[in-house]
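Shared chain: subunit A. Partners: subunit B in the first complex, subunit C in the second.
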Partner chain A sequence: MRRLALSFLLSLVTLAIFAQDDLMNIIDQNTPSDINYTTATFKSTRIINGHSIERMLPGQLDVRISHRFGTLNSGAYDFWGLDQSNIHLGLEYGIWKWLMIGVGRGNYEKTFDGFAKFSVLRQSSGAKVMPVSLSVVTSAALKSKKFLDQSRKNYFSSQMSYVAQVLVARKISQTLSVQLTPSYVHRNLVPTELDPNDIFALGAGARIKLSKRISLNGEYYYVANPATYLSQQTYNPLSIGFDIETGGHVFQLFFTNSVGMIEKAFIGETTGQWKNGGIHFGFNISRVFTLVKHQKAPNS
Partner chain B sequence: MKRLFISLATISVFLFFFISCYYDNEEALYPTLNSGCDTTNVTYSGTIAPILTDNCTGCHNSSNPSGGIILTNYSNVQAVASSGVLMNALTGKGVPIMPPSGSLSVCMIGQFQIWIRNGMPNN
Partner chain C sequence: MKRLILFLFFLNIILAANAQKFMTKNGYIGFFSHTSMEDIKGDNNQVAGVIDITTGEMAFQALIKSFHFDRALMEEHFNENYMESDKIPKAVFKGKITNLSSVDFSKNGTYDVTVEGDLTIHDVTNKISTKGTIEVITGGINANSKFKIVPEDYKINIPGVVRDKINKDLEVTVIMKYTPIAAK
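And now, the complex of A and B:
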């Protein structure tokens, strides 16, 4: 009787071991050795004013229309700023999985701009674990507004400014993504010798997903050069708003203390102040068109 | 190989732009700008207030201030200047240029710049 019980127990243990093997097989099947790249860290290629880690896929064209209205404290006569508007139009295109380029024109100082965004690292899990995504953005802007003094010798180079940024982002969970953006801005010509030609700033942005289509975004740039040295008092840009996705379009509606929509302007020339109502309502509309269809869906 | 070539080409285009970096400021680049323009003796009562009276206070007065901006007394002017709104309006940066009839002379804008840089004294 005892022997019978022992052999029964033994067979159970063996079965259990076989069952464990089966379980391991199932786990192996369900976790293939592929790399799982994180997608949709942000909804759009901008957090609000500044670039996000997101980029256009190869063959996709993003048409962007952005507005910043006047300040809320400008009163009822100017309809709290809505009578004025600053616009920026942009065409941005994905060339390869790791490179997108864009051109734009804004009426703020009648500026033409162009940028390239290089995707260096992509957050992933699975066979390759990468905790963050990292991109590099370089851009150049040409101010085409005429110089007030036409009698002096004005140089073409005086109209140029340049920006370099490193974007480091992490999608912490399905609802929360964060990004840090060390930035460098160079202006070829500044008004006085007190103004720095080089500006260093650290940007921080975050996105909280509220529902399938809506997310809350915030963005702040800390400008390291002391603003009191400037001939004009400038402030750090702070922006808060919502991303709303409606099949094919992304609407970004927000409040910001900056009128500039390119890095050179919102990092270096933000004169609005949140505490006295120097805030602008603004929006970005993004519409993505697929110009080149790829047979194999890119691993995004 | 193609990818390497194109990435090198892209980077070199941006390097080309960066190579044309200059470290200029208008004070150093245009020292002769000041000829015939009094930039040494800029005061509120002697320089700034007369320009405002001639060009601005027709609309920006306390009885019916356009845009809520008053430029008839020192404390209000100082507030508008320190917020950056004054220089933005004079140079048309992000807002419609003021006065609407045409911008002030370069000398006058320079005098505002100097007064603001000097800390907007009430002198």
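And now, the complex of A and C:
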């Protein structure tokens, strides 16, 4: 009997404690731990020349204007390269959460290009732990510059080249993000027999945030089989610069030894050399517009 | 002895019945800033909230990354530049209805209430007091409130370049639709 009284008394005490219990505990018990996806690994969809893991979300349109001036070693007569300009214009759009596409036109060899970037894995912590983000980029470029040799039979397909890349990135900390980019370039037609049709390269990129709105970026592609014959020696592209974000725009200002702004060009056709001043000043401007609003108003 | 046991037994039942808490896992908290240059609206439909109608205590918890914006870039700036949501993932409110006696939880209807408590955003806690309504409906309780907060009070720095685009006060809207949770 006494035991029964005791047990009731005890349950009373526990009830009383429960009533005093912090309401936050109830919230914690009732909310499953969420998947915390890593965001903003890079500020832009490009590290500098090459693609970053970042993508456009559905309904977002990125208008990109990119410039590469001439080389610094072109001297005072060409105002150290600023007299010359190469331009690439791009329109890039997010279709689904895992797919963005883009089209572009550059005056380098009058090239049209298009790409699709598939987000396969997203870095996350919490309920689901994924150490890296992984995307696949495929692109095609169509050179529209007139063939040098008009006398021979020139095929349309000779103007095409293709690129496939796997992007593996990790945001290591708030300030440091890194990416590895194994790449494959196939060119249907190359100038001479000595030039490879297939190029294999490994890209590496990183960004260090200097402040909330400015980051230092670096990007390098090791090309396994560059063209080595004397008139068209190609080099590994190396680029260093800053991302500066001003509310609606991202400005990327940098130095690079590549004049091409698409993968096929900067991986396979970079002829500038850092050590003798074959360096171009360049910039990318990115402006994102929201075409489709995907948020719904609260159901109040 | 028997009487004591009986007394304790009934007291238990009464307490258990009275210890009534209501909860939601998809409450809404949104904020809105209007300037002539830009409207900014963040919506979070995954706010967890609890109300204890015996004590008038309330608590909310919102994940910062669950605030969504029309423009993805705004959402990124919100998380990266202002709220630092990787470091500080949650915002929390803990408070109390100060005029609990004016709410009759046994009768359907809408009652004006004043809520006071601690609002923690960006790891900074401020005391706030706000007016709102409690609506008692069959099988649940709705709570609504609108109040203003100043980002600088929570050490959220807005740089000069964008200062004109963000209103000095942000209007916060809270809409909770609670359902009872069984007392354990």
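Of note:
Please note the rule applied: the second predicted complex is superposed on the first by the 258 of 300 C-alpha atoms of A that agree within 3 Å, B and C clash if a C-alpha of one lies under 4 Å from a C-alpha of the other, contacts with A are read in each partner's own complex, and residues count from 1 in each chain.
To be clear about the criterion, contacts are C-beta pairs under 8 Å (C-beta built on N, C-alpha and C of every residue); 3 or more make two chains touch, one makes a residue touch a chain.
Keep in mind that what you see is a predicted model, and the values were worked out from it rather than measured.
Once the two complexes are laid over each other on the shared chain, residue contacts for A:Gln252 go to neither subunit B nor subunit C. Once the two complexes are laid over each other on the shared chain, residue contacts for A:Tyr162 go to subunit B alone; subunit C is not touched.
By the touch criterion defined above, A:Gln179 lies against neither subunit B nor subunit C after alignment on the C-alpha atoms of chain A.
Of the two partner chains, subunit C is the only one touched by A:Arg213; subunit B is not.
Of the two partner chains placed by the overlay, only subunit C lies in contact with A:Asp34; subunit B stays clear of it. Contact with neither subunit B nor subunit C is seen for A:Ser52 once the two complexes are overlaid on the shared chain. When the two complexes are overlaid on their common chain A, residue A:Ser239 makes contact with neither subunit B nor subunit C. In the superposed model, A:Ser133 makes contact with neither subunit B nor subunit C. Contacts of subunit A with subunit B, set against its contacts with subunit C after fitting on chain A, share not one residue. Taken together, the subunit A residues at the contact with subunit C in this complex read 1-2, 4-5, 8-9, 11-12, 15-16, 18-19, 22-24, 26-27, 30-31, 34, 36-40, 56-57, 60, 174, 212-213, 246-248, 288, 290, 293-295, 297-300. Of all the residues in subunit C, the ones that touch subunit A in their complex are 1-2, 4-5, 8-9, 11-12, 15-16, 19, 21, 23, 25, 28, 30, 43, 45, 48-52, 54-55, 57-59, 61, 63, 65-66, 68-73, 76-77, 79-81, 84, 86-87, 89, 92, 94, 159, 161-162, 165, 173, 175, 181, 183-184. The touching residues of subunit B, when paired with subunit A in their complex, are 3, 7, 10, 14, 17-18, 20-30, 33, 66-68, 82-85, 87-88, 91-96, 103, 106, 109, 113, 116-117.
For subunit A in complex with subunit B, the residues that touch the partner chain are 70, 73-75, 77-78, 84, 86, 96, 99, 101, 108-109, 116, 118, 138, 140, 145, 148-149, 152, 155, 157-158, 160, 162, 186, 188-195, 197, 231-234, 259-260, 269, 271, 273, 276, 278.
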